[in-house]
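The two complexes that follow have subunit A in common; it is paired with subunit B in the first and with subunit C in the second.
And now, the complex of A and B:
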């Protein structure tokens, strides 16, 4: 499984989305379940899936799925696949 | 913001309690309450009249939480003293109140829901059945563990709850006073972080279980799911690391929770868990579990992978 696929599967589960609702261009505003609880669950899931701990400050700053990718890329996770 | 209700003695209460105060309690405690406090009794499900100087809420978590909500919304000037009849819910020491509605639980949160003081009357628990006591112990453990493991718990809070958990590991089954005190501390602690999947399951299933089949209350559901969920959470190296970093012995906790597990009841609840799994996933408690709970995680529980 590629990192992109791993991230997709994780975020579908964390944000309780259906498969066809997910798109990498989505922002926090467009995802109803990306509320404060979604932010917590996202941070927990990213650490589980990719091994990188997000501080609360880092977690609330992320406002889009691209933002999540940018954060993970800065941690050394490659999405070139 | 205050996070706990002060613990009072009965002597202190007797000097502070006003003459127009009443005791709000269940029928089965009415005689003992009248003998103890010498005050007029209001019997559940009736509520006291508003604007009394003080009310003692004596009973289980349901009554105490109802009293907390009643005081804030209907009688804000009333002093509220909470006397739990059983440990477990910790409602007497929590800024959270959970009210059972039709098919759903309504959760209230804020310092305004903390009682003004709490008291421990350990003798009230002496008549409780062994099953009720075990359920209450399971509820206490769930609060302590889920509060400790919460992803939003601070290190300072984890130190506090680790101390509670060590206390629970040492506590004898017959130490009612000890259980009341640790239960209160566990509940106050988890209110500062969050709970997790055990409570997500309990909150979703409890109002949906029919009386014609298995009807289980909150404490019983927490006791039933505490061990399977703990095993699920242990799948995360982070969870294992947290427990060890705070000096908690994983195997000791596992042994205790396994001792609470009732496989027959657990299996009887599997169809309900499967039917309502989507609601469990969406429950706020589940979403702050220490490990992400996914749709596919259901099979872990239905196939009893925790027992491998």
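And now, the complex of A and C:
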């Protein structure tokens, strides 16, 4: 499984999205279930799946799926696959 | 107060008739109560001296595991048995088939005492543990009633698959949520039966309201109060009642006696409201309504949303999340498929904000039931953890 697929599956599970709803261009505003608890859930999920701990401040700053990719990339996770 | 062992009563039902007609009071000790003997002795010793005659006591621990000794007056309960005969239109019912333990207030009053007072036939069985025997008993009846708990319906339907019992003409449900989603199963088994949703609690000994199945499709609507009973909602939405048939007192876990007078407003343990037509709607057990991050969560409402897409059993147990905030765990039975879990989650997402979502979705192949047919909430939490289908990452 590629890192993109891993991230996609995680976010579908965390935000309870339908498969056909998901898109890597989605923003927090477009995902109604991305509320404050959703942010916590996302951060915990990212740590479980990719092994990188996101501080609460970092988690709140992320406002899109691309933002998550940028964060993970900065941690050394490759999305080139 | 003499102690009457349920095991002995099961072997010889006349012991119960003798104890009832005897002036002395008695207490039924359930076969598997798990109640400490010393606690029971202390509880009985704490009762007022006048309860030494004309009364009886039942031990209840419900699904909480906390013992409680509830004391009632024999003649008040006999009055209730007559009222039940009237409101349940039981005049044509010749016999009642007992599938629940008689230490359970519902079976004792609705069945044993009703049969005793109204001079009808009482048929004891070994309940759902002996399905072939139960099927034979049902098949032999021409005008019988049976009292069940909602959680038993699917077990009955599985155990008696393909059979029909036209001689069972009254089916009563109490002791838990009314099995609205399994009504077709009940109708298949008992095609001629009038089905009733009964509501009450042990302190009510045990009935407060009654509803015929056709009066509503909402399982949480339990009907109007029985004649003589008053009900109202307290300031927190809790259901309070006054009953001329109710318990006269109880001894709680701390072995301390609490008297109940006819003018006391007694909590039933549930939250609910009276609708404009006089019917009562139950919102859930008091512990099933709680606040999570400031949001009021009603597990009864959550259950209604899940029932739109899941026709198996829906249960919850309470658990705090890692931050110490109150939460709940959803337990489905039978074990769901991945698609079914996604369907349930989709229904939750559609109906509620994330605060209402369960901390986990768990599944069990069978539910552990208490001897009285209710779901064993303590074991529910222990057993269901084996199969986690989804969890909030917190």
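By definition in this document, the second predicted complex is superposed on the first by the 81 of 81 C-alpha atoms of A that agree within 3 Å, B and C clash if a C-alpha of one lies under 4 Å from a C-alpha of the other, contacts with A are read in each partner's own complex, and residues count from 1 in each chain.
Keep in mind that, in the parts below, a contact is a pair of C-beta atoms (placed from the backbone, for glycine too) under 8 Å apart; a residue touches a chain by one contact, two chains touch by 3 or more.
This structure is a prediction, so every number in the text was calculated from the model and none was measured.
Bringing the complexes onto one copy of subunit A puts subunit B in a clash with subunit C. Once the two complexes are overlaid on the shared chain, A:60 sits clear of subunit B and of subunit C alike.
Contacts of A:37 after superposition on the shared chain: both subunit B and subunit C are touched. When the two complexes are overlaid on their common chain A, residue A:75 makes contact with neither subunit B nor subunit C. By the touch criterion defined above, A:45 reaches both subunit B and subunit C.
In the superposition on chain A, contact of A:16 is made with both subunit B and subunit C. Annotation: subunit C segment clashing with subunit B after superposition, chosen from 4-12, 76-84 or 328-336, is 328-336.
Overlap of the subunit B and subunit C contact sets on subunit A: residues 13-14, 16, 33, 37-38, 40-41, 44-45, 48. Of all the residues in subunit B, the ones that touch subunit A in their complex are 151-152, 236, 238, 281-282, 284, 287-292, 294-296.
Taken in their complex, subunit A has these residues touching subunit C: 13-14, 16, 18, 33, 35, 37-38, 40-42, 44-45, 48.
Considering their complex, residues 10, 13-14, 16, 33, 37-38, 40-41, 43-45, 47-48, 56 of subunit A touch subunit B. Residues of subunit C that touch subunit A in their complex: 293, 345-346, 348-349, 353-355, 357, 390, 392-394.
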